[in-house]
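A short write-up of the structure that comes next.
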Amino acid sequence: MSAHPILAVEGLEKRFAVGGGFLRRASQVHAVVGASFTVAERSSLGLVGESGCGKSTLARCLLRLVEPDAGSILFEGEDVRRMDGPALRVVRRRMQIVFQDPYASLNPRRTVLQTLAEPLRVHGLARGTEIEERVAAAIAEVGLPADSARRFPHEFSGGQRQRIGIARALVLAPRFIVADEPVSALDVSVQAQVLQLLEGLRERHGLSVLFVSHDLGVVRHVCDRVAVMYLGRIVEEAPVPEIFDDPLHPYTQMLRAASPVPDPKSRFALPRVVGELPSAMEPPAGCAFHPRCPAAMPRCSRECPTLSPVGTGRRVACFLHSPAP
Amino acid sequence: MSATTASLEPARGWTHRFRANPTSWIGVAIIVAVILAAVFASWIWPLDPLEQSVVDRLMGPSPEHPLGTDSYGRDVLARLLHAARISLLIGVLSIALAMAVGSAIGIAAGYLGGWFDAAVTSLLDVLLSFPTLLLGLMVVAMLGPSIENLVIAIAITELAPFARVARAPTISLKSRDFVEAGRALGFSDLRLVVVHIIPNLLSEVVVVASLWLATAIRTEASLSFIGLGVKPPTPTWGGMIREGFENILDAPWLAVAPGVAIMVTVLGLNLLGDGLRDAIDPKVRRD
Amino acid sequence: MTEVVLEVRDLTVEFRSGGAWHAAVRGVDLAIARNETLAIVGESGSGKSVTALAVMGLVPPHNGRIAPGSSIRLEDRELVGLSERSMDKVRGDRVAMIFQEPMTALNPTMTVGEQVAESVRAHRGLAPAAAWKEAERVLDLVKVPSARRRMTDYPHQFSGGMRQRVMIAMALACQPEVLLADEPTTALDVTIQAQVLSLIEDLKREYGLGVLFITHNLGVVALIADRVAVMYAGEIVETARAEDLFHEPRHPYTEALLSSMPRVDRDIGELQPIQGNVPSIRDIGPGCAFAPRCALAQERCRSERPSLAATADGRALRCWVRGSLP
């Protein structure tokens, strides 16, 4: 644990009302439950888990694209949750997001120039020809052809659109980037190009990154630390490569075993996976993972383990690894 | 969802599909002809639509009066052409008003959501439950008959469809990643709505406008028919049908001519609107 | 001796675009034996899904066609040129297909039990009561928990993984010889993907199915395939047994794909992306389709198209540079 954190999240909570309507009570989904973690300066934290585990919601809470219900989000020492309109606008220059779907994340009726110039104008960061210069620099930096500025999103391939999305996130010169599944919609060969671009930008600009992904291979490659979520809770957090080579939480172990590896010798890991993700509306009592857990104990269905330090720089929420009560 | 997705496609696609559809061309031809007739009425047929002549009343079609004359001896063709101006003007103005106000309400409801949306939606349902003509009748009765009030009354009867058609895509667009990205970049709500949401739902609103313009013209004719529209002697199609109705047995052309004019115009607008909708809306696209 | 159930010879599928015909799949040769999984792996635009459509007789007739000279044989029956009616019988009776998104293939207004039973009745002519019993049996077989109770549920009440099991149950209910699986686990989470893959593997063994498994994911290929065909821009560029392919990829494209894929099991250092994009079927030059992106490309690769040549060790390779190696 080296540098001091650029982002420190404490006890973050988010509930959604689902269903409901006239004369019908909505049920609640507890999408994020007491999430606490830090992202060190110039480092990248991976957030992994299966669909519906709350990883995207958590990521969007950090930027207040989704309003959290409780907890604090300290970004460079200031609580983002307490900021009002003007302060929030200023902080948004410094934290940005890259989206998953390169087709949905760009306004189809705006040229690349319009898309990239708009943030500069809105924040009054550049004027006149300076805008075009900064846009041209951003286009060059993400490896798009120089004549891209006047073109519309539909003239680009998926990988190129993702580069436009990255350029838009970078144009305000942020310090921290949330990357929400930035390569999962792309072909394997294009995915590698975009990952390489993100890596290069992170080094050159000294960015800190929260990298949300369901692909453990990608996360292993780009992240320094990884947090694993299951049904709204962080169940394990540890540095790479330890979390993949020696996962502690049974869920991390299951996820790791199920992740395909391009090696036919790894085939025999499959039968260890049991059960499906329970409904987030009615999570199991105790540890939410216990119905699928091969090592479940009676205690696991009654109490919920807390995320506690284990060894050096690791945290895990599992009674197998907590000191006896 | 899918309607919005379609409008997010490159503009090239739908204009091409519109042009490839022969019925939309028939619609365009009819509407252009009606507009030209209205604009150049005095050149096409230079008789005065208001000039009465007791001697010439209720004459059948003849070279001097191709569509005959009415009970005041006025030339029906001249009245028909001048009525097109009033009818189109009232239709277009009321639709423009309904489109501006209705879409604004729908976009606001969709974007803000919550109790505001719930309240607006319920109000729209109430508005929609009134028959168009009855609603128009009530409004004109309250405001008094004049061209301005007629425009307002017709606009009110057509607020709800515009509000509805603008609200649904607003809801789906506001959660689209590019709007979310704008929020993350610190754009104001006004900017997100004006720059990023409205241009992406405009095409759908325009389709509805072309379809409802036909209804607006019909509503105007109906209101004029029952005497709550434009005051005589200004000619309107609805008013002409009412006047012609008194002599329907002796001089059927008096009611038939404006009736055909309304029918042709409504048909043209519907063909145009259907063509636009087919070109833009993937659900009815046939390929 | 392995018994070949499905054999594709010189398959070329063309699509019309802008008034001209372009081949999306060119000269594909495949053979699948009983109790064997052949995986076709490729990126989008490689022609892997079009190949599956052709086998199912589902090439859209108004803008697509199977070129003359192509042959698709199911045991000893030629499928190319079969009438729509006879093809309908082959589909489902002898070749079944499962898709990436099972929701689109299930009728949302019918219960799951009714749909499986209907497919049993349509293909095997059982009486309604017997079909219902058979439906329950196959749903049990694909490990839908408490199948009997869930048969009266509607598709939307099933999770994505369970829906895919229902699709597999419907496919099995017809006792096919060949199962075509087009990216069946791509929309699923990895733990559910693992379950569905082991289900397909178990069923293959139990019924001696020939499985044609289409995917973009090399990790999934390693988990399920006995043999692999790598496709690029409409052509097969390499075929090999799965162990051999991953142990020693020979085609530069296969090799590049493997080294551009981040792995969870070990650190790979720097990623080596393949530069450029998959070419459009409209602009493929006279030479090797991969030459413009290939690090090893030579003069000949750009001017002359290599053919898929069998090697002594039972593999096949389409490459001028690597093909000449011993």
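Letters A, B and C name the chains as they come in the text, with residue numbers starting at 1 for each one.
Everything below uses one rule, namely that a residue touches a chain if its C-beta (ideal position, glycine included) is under 8 Å from a C-beta of that chain, and two chains touch if they have at least 3 such contacts.
As the structure is a computational prediction, the values presented were derived from the model and not from experiment.
Under the stated contact rule, the graph of chain-to-chain touches is a line, running from one end chain to the other without closing.
Using the average of C-alpha coordinates as each chain's centre, B ends up farthest from chain A. Chain centres here are Cα means. That of chain A falls 32 Å from that of chain C. Once the centre of each chain is set as its mean CA position, chain B and chain C turn out to be 53 Å apart. Chain A and chain B have centres, each the mean of its CA atoms, that are 49 Å apart.
Within chain A, not a single residue touches two or more of the remaining chains. Shared interface positions of chain B, i.e. residues touching 2 or more other chains, are not present. Within the complex, the chain A residues that touch chain B are 60, 63, 65, 88-90, 92-93, 95-97, 99-101, 104-110, 118-119, 122-123, 152, 154, 165, 168-169, 172.
Against chain A, in their complex, chain C makes its touches with residues 43-44, 159, 161-162, 189-195, 197-198, 216-223, 225, 242-243, 246, 256-258, 260-265, 267-268, 271-275, 277-278. Of all residues in chain B, only 8-11, 176-178, 180-188, 191, 195-196, 199-200 touch chain A in the complex they form. In the complex of the two chains, the chain A residues touching chain C come out as 50-51, 157, 159, 187-193, 195-196, 214-222, 241, 244, 254-267, 269-271, 273, 276-277.
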